[in-house]
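Quick one: the structure is below, questions incoming.
Residue numbering begins at 1 within each chain, and the chains themselves are lettered A, B, C, D and E in the order written.
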Amino acid sequence: MADLHFLANPARFRRFSRRVLPALSIVTAVALAVGLYWALVVAPPDYQQGDTVRIMFLHVPTASLAMGGYLLLAALGASLLVWRHPLAALMARATAPVGATYAAVCLVTGSLWGRPMWGTYWVWDARLTSFLLLFFLYLGHIALSRAYDDSERGDRAAAILAIVGAINVPIIKFSVDWWNTLHQPASIMRMGGPSIDPSLLWPLFWMMGALALLFATLVLLRTETEIDRRRLEIAENQD
Amino acid sequence: MSGVGALFLRDLRLVWRRPGDVAVVLAFFVVATVLFPLGIGPETNLLARIAAGILWCAALFASLLSLDHLFAADYEDGSLDLLLLAPWPLELAALAKCAAHWAVTGLPLAILAPLLGVAFGLDDRSLLVLALTLLVGTPALSLIGGLAAALTLGARRGGALLALLALPLCVPTLIFGASAIEASATGEGFMVHLAILGALALVSLATLPWAIAAALRQAGE
Amino acid sequence: MSGVGALFLRDLRLVWRRPGDVAVVLAFFVVATVLFPLGIGPETNLLARIAAGILWCAALFASLLSLDHLFAADYEDGSLDLLLLAPWPLELAALAKCAAHWAVTGLPLAILAPLLGVAFGLDDRSLLVLALTLLVGTPALSLIGGLAAALTLGARRGGALLALLALPLCVPTLIFGASAIEASATGEGFMVHLAILGALALVSLATLPWAIAAALRQAGE
Amino acid sequence: MTTALLDVSGLSCRRGGRRVFDSLSFSVAGGELLALTGRNGSGKTTLLRAIALLVPAQAGQVRWQGEDVRADREAWCRRLAWLGHQEGLKGDLTVAENIAVAERLRGHVPEPARLQAALLAFDLDRLAHRPVRTLSAGQRRRAALARVVASQAPLWLLDEPLNALDAAARAALEAALSTHLAAGGLAIAATHAPLAGARALELA
Amino acid sequence: MTTALLDVSGLSCRRGGRRVFDSLSFSVAGGELLALTGRNGSGKTTLLRAIALLVPAQAGQVRWQGEDVRADREAWCRRLAWLGHQEGLKGDLTVAENIAVAERLRGHVPEPARLQAALLAFDLDRLAHRPVRTLSAGQRRRAALARVVASQAPLWLLDEPLNALDAAARAALEAALSTHLAAGGLAIAATHAPLAGARALELA
């Protein structure tokens, strides 16, 4: 939190991000390029799934990162409500759409994967369903933070939602698991093979890192634009 | 440009100012649809069997929820008086407002519904029929809901009671909407259902604007 | 009498002055429930199978529909300022208002639901469980919906946004409510489900009033 | 003597089963401002709404140039500009948009110059592009008055137009009124404060 | 010299990112009526809301008998009676019920005699059992004022209390104010019309 305290001031954040962003963007681009090449070209096709397994390299990292992103959102909400850090609001605004996009990418890649694997785009599996609900929590956050003229009000309302949502995510997950074990699903499906071959595991780890870097880059970039937008808003208001 | 067009555009512009609003209605539609499997259980066969009913029900909820403020906002901020004092028939104003509502809810719902139908395991033909029935049926929902919204404006008991009557008016639309999809799923023809649905929409279009206008005049008193 | 009690009684009295509002919610519940047999067809087995899910979903929608105005009316007529200026914790005010909402929707829904369950061919034991789960589960719905209502105060398109925020949070309640009935129908024990439902309600009771109060303070600014 | 354009004769109104006023008669000529006064609850708002046909009269008639206004409701609406207790402004639209939309609803194509002049008259030019939601009580009231001025309707019906206005805005309103009257317009205003140049009609 | 009970020092407020006023300082003694004046949008309403802690101040303090009021919010609320632009009356309850409920919400048990006196002061006795929904604008405003009088709070915060009031009601308000002040009470009123016996504070 000490870092966050230090960066709470938008001007200081500006200086920080100016210094960090260029390097970060380059590293991200290189990591993504290497990762994609590794995942799409170098890694061997799966003996069962063939080339469709390559979807995994996008699917699995976006899933974990979207879940982690919601925790970040809740932390930002708490630091807005408790310490009134002005930057936390702007960062939350920047984070939510990125997280939602990651969640959407995971859903879409999962569906595309599901078609060849299960013969259908969607099944009401516990993990899929609870992830879908997480996506809705993101959407609610985005909608709420934009529902007011006074953007500061939207920020604080969304912060309350993020915190309550974070408490609820485990409960939702638990209840959905319970739900699906009660009724056995009709289709035969299990996510992932029994074990993943190292030749797939390493590119997966790499992609995880690269997409995490991308997440950070996007959040920083969007925070900058949010700062600009807020500045503009204030300037406009000053008549 | 005529006053009616201006009213229609004003309402669209009010929505445009907050594009999130449309997204919210659609998101609500999606969430509501998702809740049913959670309540009922994940069996694919069972879900495909009741998908039509669920999707139509969720569409009804989404349009009713968003209708709540159709006239209430105008009533509370005094804009309703300006509509009552506009130099053209109030029936047209009612129509314009319902049309604007349909354009930002019914229409997107009809486009979005097939995507959800996929999750319920509907086949391609049923998906098409689903979109068609929503396209034809939702105008009636907007009008009926508009009547209920007008009746409950500043209502005392009478208005609430009439709104109670308006809800069952949605039932025929729902029945024919859902059964058209089912008919198509079981391979029967769905054109009859669709035709009846169209007829219901036309009847609503021909009668309800008058009822809504009458209810609005009451509210202005 | 304390201020909290006074607020609770005031809200009950306001509803009493317009009994139609409760009637609309209950009618909505009935219409939404009755719609499914109409849409799906008359197979008794199928209907009994999905009854729990449908009834719980309908109850969820009915309580959200009526939550829309929980704080909005106070916000618009300036009464919210008086609540914010009351010399006792706002958390208690939030609780009193949600309790009043539950008393006029959750409670009647729990009483009404078994009657509808009969139409779905639920057996006597399941009917009892249905009423019990609604009784225990609806307070959580009122509180979650209350939070969504407080968060959306002053936002446009309140109704739909409210539902979007509340629905995902209501999922656990819905799942355990519906599965308790199903467990009882298949002869399993339902007490575990009921206990979890109660725990969910208690957790909501212990945490959400704070969140609601925080949201209301924002709205007063 | 100017001939009366507006003629109210034998008007009676009830609200919620209660008699508000009975067989009220008066007339207003072109260039005249009628101030409705009277204690709270004496029926000023009701009378204005009855003239605008927003509440039905129990008995009696409202005539414009000798013709019952109910005969052609639309023509009558075209002659009216209305300011109620509630301003009728949309919080999400800006001041300028609100006035332009109101013009369109009256079936006019808004002339930018005229709108601009109305905004200037109430010192709203700097607020023209602010959403109405962010205005103070008096600023909203001014915006609603600008809408009335922009409408160019011959008859203005104003319910407590001075509410929440500061001294500058009051002066602006009186100036706008006298321009309107000088051009042969009519105005009826319910008010508790004195209005310059008005003929008073006290409701009992 | 009376000592000041209420002390406002260095208060600054923003609305929607816009500065409304900066480092405002003043104090009000027992028995004093402060009239906030200033043009529309100068921040009168915002100042009243900031004193009541309904909007957070950017900087500065409000002190009561030397103590920051944020230290004990509930005690502060107990000292306030509030009248906003919106009356805070429930349309479906009668006037008497509205006032009684408001008293209960403040944690008091309403004394019938006191409520009756407050109603009488604003000539509302005949309207006491009418639902507020059916009242005229001025009648509603009177009912809200009666609620303030009935509260017996030492500090009254009134936002444009004269709005929509007729001459009799204005006199009644001034009488109620002078009784309140004579008993050592304080009042701050945002207003555009002159208020008898008030010290004016003009917001720029």
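The rule is simple: a contact is a pair of C-beta atoms (placed from the backbone, for glycine too) under 8 Å apart; a residue touches a chain by one contact, two chains touch by 3 or more.
Here the structure is a predicted model, which is why all the values come from computation and not from measurement.
Asks: Considering only mean CA positions as chain centres, point out the chain farthest from chain D.
Replies: A
Asks: Quick check: more C-beta contact pairs at A-B or at A-D?
Replies: Looking at contacts between chains, A-B has the larger number.
Asks: Using Cα averages as centroids, what's the distance between chain A and chain D in whole Å?
Replies: Using C-alpha averages as centres, the distance is 55 Å.
Asks: Report the inter-chain centroid distance for chain B and chain D in whole angstrom, where each centroid is the mean of the CA atoms.
Replies: 37
Asks: Could you work out how far the Cα centre of chain A sits from that of chain C, in whole Å?
Replies: That gives a centre separation of 31 Å.
Asks: Averaged over CA atoms, how far is the centre of chain B from the centre of chain E? Could you give it in whole Å?
Replies: The answer is 45 Å.
Asks: If you look at chain E, which of its residues touch at least two other chains?
Replies: Each of 16, 85 in chain E touches at least two other chains.
Asks: Touching at least two other chains at once: which residues of chain C meet that condition?
Replies: Residues 18, 76, 156-157, 161, 164, 167-168, 171, 175, 182, 221 of chain C each touch two or more of the other chains.
Asks: List, in ascending order, every residue of chain A touching at least 2 other chains.
Replies: Those would be 133, 136, 139-140, 143, 147, 149-150, 176, 179, 182, 239.
Asks: What pairs of chains are touching here?
Replies: Pairs of chains that touch one another: A-B, A-C, A-D, A-E, B-C, B-D, C-E, D-E.
Asks: Touching residues of chain A toward chain B in the complex: what are they?
Replies: The contact residues of chain A facing chain B are 120-125, 129, 132-133, 136, 139-140, 142-143, 146-147, 176, 179-180, 182-183, 185-187.
Asks: If we count contacts the way the header does, which residues on chain C are in touch with chain E in the complex?
Replies: 1-3, 5-7, 10, 13-14, 17-18, 76-79, 81-89, 220-221
Asks: Residue numbers of chain C touching chain A in their complex, please.
Replies: 147, 151-152, 154-157, 161, 164-165, 167-169, 171-172, 175-176, 179, 182-183, 200, 203, 207-208, 211, 214-215, 218-219, 221
Asks: Quick one: in the complex, what on chain D touches chain A?
Replies: 91-92, 126, 131, 133-134
Asks: Under the touch definition given earlier, write down the residues of chain A that touch chain C in their complex.
Replies: 81, 133, 136-137, 139-140, 143-144, 147-148, 153-154, 156-157, 160-161, 163-165, 167-168, 171-172, 174-176, 178-179, 182
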